[in-house]
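Consider the two complexes below, in which chain A is the common component and chain B and chain C are the respective partners.
Moving on, here comes the complex of A and B:
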């Protein structure tokens, strides 16, 4: 009788243990996901092939761009965020192509595809010893501007490769819901 | 011999009753009903949820292929334009909207999908930001402009791990319902909802 009870208890423990193992198994997408290299704004984040340093973030209601000599104003339903980042290659020439803005609630905003013609955007080709600056342009909801994280990787499927994760810190909000430092029009034709 | 035939009959009866019971149970649980469900009729003035997208149809019209949001149409061609407000309901920027609306105009022609704000051809739409998009179908030459536009709305389902890669994504496109919009003439057609 005693032995039988002990067996049943052992079986139940084994079932619970196996269930726990199954539940806590990491998701395959996480196992082969990018490897984060974390840092703050102004710090140099060192990845496998590239280094990145976020210099400043600017917010704007509209962007002014030059396309084939004609000026165009890009409007948005939210707010434009323009991050200036300095990139450097480590051991060999490479290029950095993908960036996204992860807001405090986890929504991920990819770089805008509405100004593929402007200068100084990604993808940027970088060579060792020759640091280069680039602008990352995002279109986002105003409530995703504060405490955001900038994710930068060399290519879209950066499985098991490094991804720079730069936390951008809090942003003061004005009474209209936009970040307090929002300018009306940001001229993208200015040199970086 | 006789007894043997009796037991065989009994076996046949039992098997037959079992099969009939299984079919009846499957019928009760709705295994045969799924195919015959009629397509849901969606209201054109309202919001339509398709899993990834929230759609708000605004207007449909036909126009000559000039200045139609910069869509690369053939010169002189007529086009059917559907303007719809789309909101990305997912947590990531996405452009998975090519199959969300299927028109019965000419199923072989793929529409140009344009952001009306600045005529960008099929840009990514960002989470929680409504944008007015135009679906532009080129009408075959010489055909009369249709009086109404029948649309099928396609929805997809989220799977946390797909069967091939074990990665999350949106799969299994299936029709969610149909929708009929009046077709106006010319780009100054009024919106059907504010």
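Moving on, here comes the complex of A and C:
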């Protein structure tokens, strides 16, 4: 009887131990996920193959783009965020293709696909010693604008490769809920 | 033979085997790592240009079934609309086709410029310079239908910082020859 009870206790302990192991271990996706290179706005973030430095963030209600010689105004129900980033390749020519905007609540916004032909968008090809600027354009909810993080990687599946994580810091909000620095229309045909 | 002797003997046998097993680990652990890592190492070697074969100026070298020769490397100074302190560089090769199965042998063709610090530049699309009709790039030549004995003129255009123009050397890598690649020396080397 004693032995039986001891066996049952042992089994329960083993189950609890295994459950603890399962709960505490890092998720498989974290183990093989991108490797973060963190930094702030204005700092140069150094990844394995590329460096990135976020220069400025502009918010706008509308974007003005030239498409095949025709001017188009892109409106939004939220707000446009346009981040100017300078990229540089490190040891070999490469290209940076993927960026997303992660808001304070964890919502992540991919780059907009509404302006595929504008100049200076990703993907951008970069060579060692020749820094190049690009614009990352996101369409977001106004309450996701402050304390956001910009995530940049070379390609979509950046498993076990660098991902720049740039903290963009707090953004003051105006009475209409949009960031205080929001302009009415941002002209995307202007050089970067 | 008493029971005590038997116990002693089996103890000796056990100790011997324990020792043998420990020694065997010395062999088995590296062997396991080797078997386990074989595919990864094979992929690493097949995907990367790791070992340079130096080619003297003016020399022609058999590589990927054909004879490769660097004919010119020059900067195209004075072009407008380029990033500051950058210069386009043209690398010209003359390749005499040996084995005409270029789609197999030249697959993954990669022409690069490598500087003294080991930095690598791949061809740019930011600069387009007019070339005469028979000039091709490495990748377009794969589908040119060239026959054995034909000579192909290849040209690749790069964009590099001005300060590295003195130390850059052209290099060619092909999937069929990786991890080896050709590193061409210049006349002044």
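What we mean here is this: the second predicted complex is superposed on the first by the 177 of 192 C-alpha atoms of A that agree within 3 Å, B and C clash if a C-alpha of one lies under 4 Å from a C-alpha of the other, contacts with A are read in each partner's own complex, and residues count from 1 in each chain.
Everything below uses one rule, namely that a contact is a pair of C-beta atoms (placed from the backbone, for glycine too) under 8 Å apart; a residue touches a chain by one contact, two chains touch by 3 or more.
Predicted model, so just to flag it, every value in this text is computed and none were measured.
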{"item": "Superposition on chain A - do chain B and chain C clash or fit", "value": "fit"}
{"item": "Chain B versus chain C as contact partner of A:109, first or second or both or neither", "value": "first"}
{"item": "Partner chain(s) touched by A:141 [first = chain B, second = chain C, both, neither]", "value": "first"}
{"item": "Chain B versus chain C as contact partner of A:169, first or second or both or neither", "value": "neither"}
{"item": "First, second, both or neither for A:20, with chain B first and chain C second", "value": "neither"}
{"item": "Superposition-derived comparison: chain B or chain C, residues of chain A touched", "value": "B"}
{"item": "Vertex chain A; arms to chain B and chain C (CA centroids, nearest 10 degrees)", "value": "100"}
{"item": "Partner chain in contact with A:29 - chain B first, chain C second, else both or neither", "value": "first"}
{"item": "Touching partner for A:78 - first (chain B), second (chain C), both, neither", "value": "first"}
{"item": "Partner chain in contact with A:42 - chain B first, chain C second, else both or neither", "value": "neither"}
{"item": "Shortest CA-CA distance in Å separating chain B from chain C in the superposed model", "value": "19"}
{"item": "Contacts on chain A seen with chain B and repeated with chain C across the two complexes", "value": "none"}
{"item": "Touching residues (chain side chain A, partner chain B) in the complex", "value": "27-29, 72, 74-78, 100, 106-110, 112-114, 139-141"}
{"item": "Residues of chain C that touch chain A when the two form their complex", "value": "83, 86, 112, 118-122, 124-126, 158-161, 163-164"}
{"item": "Complex interface listing, chain B residues touching chain A", "value": "91-93, 115, 117-118, 120, 123-124, 126-131, 160-161, 165-168"}
{"item": "In the complex, chain A residues that touch chain C", "value": "90-93, 125, 127-132"}
